[in-house]
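What follows is a structure written as structure tokens; I'll ask about it next.
Read from first to last, the chains carry the letters A, B, C and D; within each, the first residue is number 1.
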């Protein structure tokens, strides 16, 4: 019984909130990470940052549940739903099935899931919002910068190190390679997957290998493993490109980073729920235009090309530049 | 009773060693072992600035074992029920991976390959479980279980075969087989891999097909949709029984124990040691394979490549078996204990203000390590034993 | 104090739990004396010496060296005090060379490195000085027992032993080798070394010792001068009563051949040939003794017969069946019983209870299992019967085999093996480590089995046992049967054959 | 070497030659030539089997078959692909990096096992070294001190193994397993407690590379031109270990403790002390391997970052028959497998995951096949009998 009255009041108030935006309503938001954990220096961490921001700026009550294994997904999601959290956010495409199950069980709770197409969920739940990113656009931007750099330095190779061959990774890499080619049609690209997201050693070996074969830029798309790739760049004094979060803090060898603003996505979803604009059964696309993906801080080398890249960014935002590939051949 | 330590010949097999400890300490030893492990763990918690009692209490409540307390009522009780279901879901494979280690120990073998066998078993199970749609449910489940057990048996059998034929140390081979299983499994479900799902909307996801509804194990407690407790628990308990009967009431078990205690004597009485190594490893693999099968059919329903790299249940089996002293009952209780530790330290149950869950996970490892370390000697108990004997003057002096 | 004894033990008591291995033992060794220590198995001789060498700490009593009280907490202390010991079981590192073994613990060095050249040179020097021939660069694992014995003695001398303890040094030696050893001992004695000499062989003791101390059940009985003592008087001191070990048996009436080996050859674990072209027959109703010095291929020969070791060549027939490549199970099934030479290693599963041990051969037979399921009740019932029949004391069917005393363990093995109604019995060292009563029991049973028409192959290192039980004796040397002799042949003749005298080749001098 | 043995080894060599000539720089493109060479290897193997060298002979047969398979695959793949995979210089440099932690681990294991103590806890000791190396370098700001602290931590942790294995006479495999779990727990706990969610700092002091003025020398420049100091140290340690174990008095004592502890004891040595020292040296060396990972190579610590390398080191030790030189070869074999696995995906991206299993398959084959049963120190795993 209490379920109904709860959701009744919340939907009622959100209706009015849509028009008048009074003082933010205090809602409860739960976040369930995937097994990467909170310090993955990647999207779990970013999601948590978004949550923290919402907590301080929007005054929402938050709780984070870290999944230690896939056995935790369903209980974690459903525990938060049962405890009447207004919004439960799941992170990562591996949680898709669990999200599907739990959201169908709790039709009155709102769910959001990062990196999953909500319309593709098996039971087509109407209370799940998917947050999808056009990683290829970010990849294109950093690739473009890499290509410009190569061109200025007598051409050469742009390397990339992926974790596993999965969609978000390939989006980045495909965009990156296209960007490189666009800036310097003579440049070559190499790519390899480490098959791991946690152990930095294989990524570093791959990067070293690419560097030994002439790569002058290394783009990592492999989470914690990729830090090894960037370390190789540092060691061999070539340019490194970070991923997801802004990894400029790693040192002056980081030319720039391809950003995937999971924090913004989380923040936006929370804000939408609070503001009553939450829309289930559909996806929110985060792209250059919406500021959901982009390019991070640049080092001295990258700064030279910032304007040119900015121009490209504008072109993408304005829809002038489309059909950036999202699959790696 | 003479001092257990002096009874042991220096080249005693692991099986003989543990048998001696069981004789010496009975049920008291594992309990003291546990107590010490938890005290040491608590000290670590204390030293690093947390409250050990509150931590342990929170962990305990997280296991759902408080469900058994009649004074826990209302929402707490509902939560406890859910937690207990999760604990038992984890206990189920732990029992089986524990048996996979225990059975090998009884034959004098150290099976570190439970993880690989678990993976191979689950791969077979998910393949059978997600194919053959429309098969009668019971038949389908049985089919999947048999397939999973055979898969595990095959994988462990390799180590048994190599040990039997070339004398290669099973510790090394099972470790290698673990890694090979992990990577082969990853390959099978990776993009373009032979067992990657055929669902068009998921063609970009490195995950298997779903186990069809008919091949899923019925849930008997909790919400079937929200990972309630499936009947696999009973299958695991039945496996404990099988383990006991096999070991103590069959000629095969007789051989296994004889080989475990003294392979030379066994061989001299006509028992084929090599054959036993192969058979025993295969049975161990079947247990571990069943663990993977029950997980797949009971709640997991699919395997993603990341699941394979992240799973640790096979390794936990070592601690389960050792703490349980390789006995059926002991294995059950230690599986329950570790199942409880795993769920109890999960973030869902452990309030981060009491104790940071990331720390708690590592605390579990530490406690596990301490338990195994203490079991490896039962040093404490032996020590107390000797102390007591020293205090008590020699009762009667016997001349040679 | 020049006239103080080289060594004095006063009131040494050593307990192992409730067992008192030494009770208030006094012992004195003079300079330049060979002092024999006598006693039955388990009398506490080795224990006393281990106390002296620092391997055990005495519960009571004190040790005086040259009149000075000393505490010996470790063997390095003992070595430092000039005590050397040659142990009953050799204490050498098989994979290392003689020189390395010799210098272990007092290595000559060149800078930080081991100076192997000096080590070898000193070995050679010492070996020449005392007439103990060894090759410094040979690996110990390739040496015969006699040579290993010499290495042990050299090792003690290398460390400057003034008091030398030899624990049953002649047990593994032939009569001739023993005589050679005695020459060395007399030389050492002349140089002033005090020697404690342990042996079970009364004639040797009378031959070489100056004084003799007898232990019985951990207590010192007496110390007597060798002069005037006789074997009989010593035996009485040792056992506490008159003894005469004599096995009564009827004349032999051999029947058909039950065990037959033709041209059997086999290798040891390292792949070296140890059994060479052995042919032998054992007929129903006879006991054939296989005499030989330890490690001349006896163990491997038995393993080959039992199917535990694959022969390179030859055939093995049991009661007309060819079991050469059949493996242990089929060999047992064809009617062979095997009293293993090491009951702890091959004979028993110590962690099993007696009922299980007694079923080790037959657990698969329908009498004890159906469709692969055991029936413990039947196993226990049978065990109860056998334990009574074979007079196993201190054990019920549920008792763990490991908790029985050695003699009773041996009875369990014998009960199981004889109850299998065998045609052929292979008895390897069936009385090793047993007391007099138990030995009598085992001997009586073996003779009974022979009289019942079974073929018995008796393998033993004890010449006394071989001679008193066997109807025929085969001598094995370096894996070959070198002679067949009647049991009445003299000890010297046996010794000659057992050392290769029959072939004129010495193994250790090589 | 008996003639059969020579034939056997020749067969093994021919098998590998068949593969070798198919790849750059030689790149024979004719499958027939490859097949002929490999078949010669197989034939030699069969001959060796006939001559009584069964295991080696079969090893040669297997090598020949691998040669055919690998060589044929090479002739069928594009030259560009081949050239990009088989760049011997890069491949071998990578091999050395993969092998270095394993070499330290295997040498550590050698000390312990030669003294009679099974060391399955190498994995844990490496992990301890990896963490304390990083932590030490971080707090002291010096990689030298980081290494020192790693070694000390490894030795202390190993002392725990010694305490249980030697003093308490525990089953050494079981207590080793326990230590591995404990190491994961301890390092994970400290890592989370000290570094929280930020991870180790990014300016962690690094063990420097040794840059030799041979950069321009073909091949050698690529392989040895700029290796990490610890790689060189690992190679040096192989020699040092050999000298210590086989040429010094302490080495003699160490080996005697592992072969016949009672003999050592009666020679007046303290087996307990020798074994303690050996196990602690073992811990120090294994920790050095871990430190190479954290501050020599990757410049970060992550939880459970040794990822099974300790076990591989142990396998290498066994495969190498408890001798430093052969153990090094074994680690190089494994390192080569890993390096190759990393390079092979060029051929088949979908099979890329499968290639990851390559080093483990190689180790498995190596441990069981070719070399045959290695005979461990006689007293390995046996506690000293109580007196």
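One rule holds for everything that comes next: a residue touches a chain if its C-beta (ideal position, glycine included) is under 8 Å from a C-beta of that chain, and two chains touch if they have at least 3 such contacts.
A quick map from chain label to UniProt name: B, D = ABC transporter permease; C = ABC transporter ATP-binding protein.
Predicted, not measured: the structure shown is a model, and the values here were computed from it.
Q: From the C-alpha centres, identify the chain that is farthest from subunit C.
A: When every chain centre is compared against subunit C, the largest gap points to A.
Q: List the centre-to-centre spacing of subunit C and subunit D in whole Å, with centres computed as mean CA coordinates.
A: 44
Q: For subunit A and subunit D, let me know how many angstrom lie between their CA-based centres, rounded off.
A: Roughly 38 Å, centre to centre.
Q: Using mean C-alpha positions as chain centres, tell me how far subunit A is from subunit C in Å, no decimals.
A: Centre-to-centre distance between subunit A and subunit C: 77 Å.
Q: Just curious, how far off is subunit B from subunit A if you go by their C-alpha centres, in Å?
A: 37
Q: What positions in subunit B touch 2 or more of the other chains?
A: 6, 183, 186, 190-191, 305, 358, 361
Q: Give me the residue numbers in subunit D that touch at least two other chains, ranges are fine.
A: Those would be 349, 353, 356.
Q: For subunit A, what residues touch not just one other chain but two or more?
A: 38-39, 165, 195
Q: Throw together a list of every chain pair that touches.
A: So, checking each combination of chains, I get A-B, A-D, B-C, B-D, C-D as the touching pairs.
Q: So in the complex, which bits of subunit D are touching subunit B?
A: 55, 120, 164, 168-171, 173-175, 177-186, 188-189, 192-193, 308, 311, 314-315, 318, 349-351, 353-354, 356-357, 360-361, 363-364, 367-369, 372-373, 382-386
Q: Using the touch definition up top, name the residues of subunit D that touch subunit C in the complex.
A: Residues in contact with subunit C: 243, 247-249, 251-253, 255-256, 259-260, 262-270, 378, 387.
Q: For subunit A, which residues count as touching subunit B in their complex?
A: Residue positions touching the partner: 34-35, 37-39, 64-72, 74-76, 78-79, 93-94, 96-97, 101-102, 104-105, 117, 120, 164-167, 195-196.
Q: Touching residues of subunit D toward subunit A in the complex: what are they?
A: 84, 87, 89-90, 93-94, 97-98, 196-199, 202-203, 209, 222, 293, 297-300, 302-303, 305, 307, 338-339, 342-343, 345-346, 349, 352-353, 356
Q: Which of the residues in subunit B come into contact with subunit D in the complex?
A: 5-6, 8, 10-11, 14, 17, 44, 48, 110, 112, 162, 166-169, 171-173, 175-177, 179-180, 182-184, 186-187, 190-193, 305, 318-319, 322, 356, 358-359, 361-373, 375-377, 379
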